[in-house]
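Shared between the two complexes below is chain A, which has chain B as its partner in the first and chain C in the second.
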Partner chain A sequence: MDKLIMYLQYPFVRNALIVGVLIALCSSLFGSTLVLKRFSFIGDGLSHVAFGALAIASILKLTNNMILILPVTVLAAVLLLKTGQNTRIKGDAAIAMVSVGALAFGYLLMNLFSKSANISGDVCTTLFGSTSILTLSDADVWISIILSVVVIALFVYFYNRIFAVTFDEDFSVSAGINAERYNLMIAVVIAVIIVLAMNLVGSLLISALVIFPALSAMRIYRSFLKVTVCSAILSVVSTLAGMIASILYSTPVGSTVVAADVIVFGVCWLIGILKGRKNA
Partner chain B sequence: MRTIKVLVLALLVMILFAASCKKQSSSASVNYNQSTSVQDVLDQGTSGEKDPSSYITITEPSDGLDHSNDNTEVTESDVDIDLTAMSSTMVYAEVYNMVTNPEKYVGKTVRMEGLFTVSHDDTRDIDRYACVVMDATACCAQGIEFYLKVPADEYPGEWENVVVVGTFDFEDQGVWRYCKLINADMSF
Partner chain C sequence: MALLKVSNLCLGYENRKVVENLNFEVLPGDYLCIVGENGSGKTTLIKTLLGIKKPISGEIVRGDGLKANEIGYLPQQTSIQKDFPASVHEVVLSGCQGHLGKRAFYGKEEIELVKKNLQRMGIENLENRCYAELSGGQQQRVLLARALCAAEKMLLLDEPVAGLDPKATAEMYSQIRDLNKSGTTIMMVSHDLEAALMYATHILHIGKHLFFGTREEYLEHLAKDAKEGGAKI
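Right, the complex of A and B next:
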């Protein structure tokens, strides 16, 4: 405990905890929507696209990589989520195609053109997020905070419409809701969350941050609101526990956070079984 | 509707908390090790096992550079940032931040433990020494160069463990920025 208090004196630790909590909150809120719309793997696909964009931004030596990563990822999200319905290449195949293609090209470009002294280390850090959250610049912190607040505000303000579009898109359209516009908004917000979450858990583990809290909450609750609130709480708790454990026990941040998510899922699954037996 | 209001209220509280934390972190000097005594910090780093006299005491600069402005004299009681008392994840993150934002750390006395490495600088015809630390997975490494107060009689082997205490500084040479510990003491 004394060591934790000592670590909390460091500004970069406090920044990491604040940004980590906000990212966990954002990803859990929209995670329920993605899981219910059967788009769980979109996080993986978009994170690989973001990795490819990051590789290009590193080669171009941009002052802030977000300038390139964010618009490219948003564009990919819009294309993947909007073209999944009536195209020759269906949703899951399109995601897989874009995902592995971007990952391969990103790594290839980094090896061919990057002048970094440790390319493998840079790639490893980006893919697994071992210490990325602890090495954020002031600009990164402020951008993350502002984007997270915007994402949360959008979810709270458009909650009813997101709910309608998630559960029954045809009914939403017949009720006068512009489902296409809200699907587009969800796609853009997911892209923003993915770009932010890369700092916390890395490209390869982002899906866990989106999926596990929602699935854990679904083991216990049935209503959309309760699942959303529960997944938000579980995600924040897991992220805080994972980050503190990694700082105290010298483990990589990204994988420790995901391990905490998995443990929480296991506990919720047990609670769900006990609850089911009690109600039977 | 009530839930939405609660969520919005929580959001506002978070924003205020975040803003206040940012304001605190950006204010004047950063002081570490406020809650523990200096002797506790030194004991933590050495586990009470190393004799402080094992530090090499020296009298002449070893790097051939001008040290007429180096007023800081490092003593064991002046350690501001003790990296030997931290986990490897924290050490890597702190060293990374020191290298990328050196202005915030100039003048701080730093104690670090890492791997010793040496390379020869042909332009100045001197050996340059560095202490390298790695993150938890050992895939990423970050090092800080150090300049001993006087040349040591004996140096450790390449990649052997060393503890270095020195004053943090940085120097811009063209497009390159070199971070270093000056007036350093080394033990191994």
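Right, the complex of A and C next:
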């Protein structure tokens, strides 16, 4: 406990916790929609695109990586959504292509152009996010806070429509809702969340942050509102627990947070089974 | 004045016409049954009537103050819905999404509408249950209540009894008939010709041979066809 209080005196630890909690909240809100719409893989694909963009950004020595990564990932999200609807290349195949391609190019570029002595260490950091959450600049912190607030506000304002479009797109269109616009919004927001979450868990582990809390909440609750609230709480709690554990035991942040998510899923799964038995 | 008047409608995909020269009209209080073989374009017709898809040519004129989003739709169930965590209340409330306008949340009016339509379908006791855990017949009633929240004047039902057992099927049909008697115009797509002939006032047959007319005219048409030994439609 003393150790924790000591660490909390450092501003970078406080920044990390604030940004971590915000990222956890944002990623869990859109998680249930992603899982239910069978879009989980889009999240995975986008995270690899973000890795590729990061490689380019670090070669170009941009002062702020986000300037490049954010637009590239958003663009990829829009393109993936569009190809999912046209059937020339099936949606899942397109995602696999883009995701593996971006990963390969990212690593290739990093190897060819990096002046750093420790390339595999750099790659490992971007893939698993070991320290970037602790080395955020003030600008990074503010960008994260502003984007998170926008994401949360969008979700709350469009909550009812997001539910409707997720549950039954055709019905929404028949009621005069422009479902395509909401699908686009969901894809763009997911791209933003992924870029944000890269700092916390690295690009390979982001999907976990998006889908685990939603899946855990779905084991226990059977209404959309309850699932949404529960997954937000689970996500924040497991991220905080993971971050604190990683500080106390000096484990890598990203994988500790995801490990906490997995443990929470296991617990929820058990609760779900016990609950099911009681009802039966 | 017809609620819906369809003239010279041609439906299909980019380079393949599925239905041509479709003409029919729906008057207030009608019970129109749309029948036809698989692949004859029933689903395409529904999507066009609802504005989800654009026709290749021809026109659909709405009359009697019917707005584009005032047709309550009962779609076929999707695979997504089989494990979707949503309460009956949430599903029926989503029928009001067209009334939201710029608002973020539903108001008292919409909650009242949900209560009313749940009662009308006799499922107010299911309000807090999970939609995915209900029986097929109960799920269809929930979707019917949702359609009623969207529009009371006119309902468009896509295979409303698909996958239901005989008892639930009979209940569903009688519920639809009651709605029609209380003034709701019904358009129903169905495989079930027998039921169509039992309940409908008008029949639209699409496919190779087009037919539109009242139930009696359709029966005569069938009888004549049988006598001539021609291709049965």
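Some observations on this one:
Note that the second predicted complex is superposed on the first by the 280 of 280 C-alpha atoms of A that agree within 3 Å, B and C clash if a C-alpha of one lies under 4 Å from a C-alpha of the other, contacts with A are read in each partner's own complex, and residues count from 1 in each chain.
In this text, contacts are C-beta pairs under 8 Å (C-beta built on N, C-alpha and C of every residue); 3 or more make two chains touch, one makes a residue touch a chain.
None of these values were measured; they are calculated from a predicted model.
When both complexes are superposed on chain A, chain B and chain C sit side by side without a clash. With both structures placed on the common chain, the touch criterion links A:Val227 to chain C but leaves chain B unconnected. Contacts of A:Phe158 after superposition: chain C is touched, whereas chain B is not reached.
In the superposition on chain A, A:Leu22 makes contact with chain B only, not with chain C.
When the two complexes are overlaid on their common chain A, residue A:Gln9 makes contact with chain B while staying clear of chain C. Rounded to the nearest 10, the angle made at the CA centre of chain A by the CA centres of chain B and chain C in the overlaid structures is 170 degrees. Touch criterion met: A:Met218 reaches chain C, while chain B stays clear of it. Set against each other, chain B and chain C differ in how many residues of chain A they touch, and the higher count belongs to B.
Look at A:Pro252: by the touch rule set out above, it reaches chain B but stays clear of chain C. The minimum CA-CA separation between chain B and chain C in the overlaid arrangement is 6 Å, rounded to the whole angstrom. Within chain A, the residues touched by chain B in the first complex and by chain C in the second are 156, 159, 225.
Residue ranges of chain A in contact with chain C, taken from their complex: 32, 36-38, 156-161, 163-164, 166-168, 170-177, 218, 221-227. Contacts from chain C toward chain A in the complex involve residues 47, 50-52, 68-69, 71, 73, 75, 78, 80-81, 83-87, 89-91, 93-95, 97-98, 100, 104-106, 128, 130, 132-133, 146, 150, 156. Looking at the complex, you find that chain A touches chain B at residues 2, 5-7, 9-15, 18, 21-22, 118, 120-122, 124-125, 128, 130-131, 134-135, 137-138, 141-142, 145, 149, 152-153, 156, 159, 225, 229, 246-253. Against chain A, the residues of chain B that register as touching in their complex are 3-4, 7-8, 11, 14-15, 17-18, 21-22, 25-26, 30, 32-36, 85-90, 92-94, 96-97, 100-101, 135-137, 139-141.
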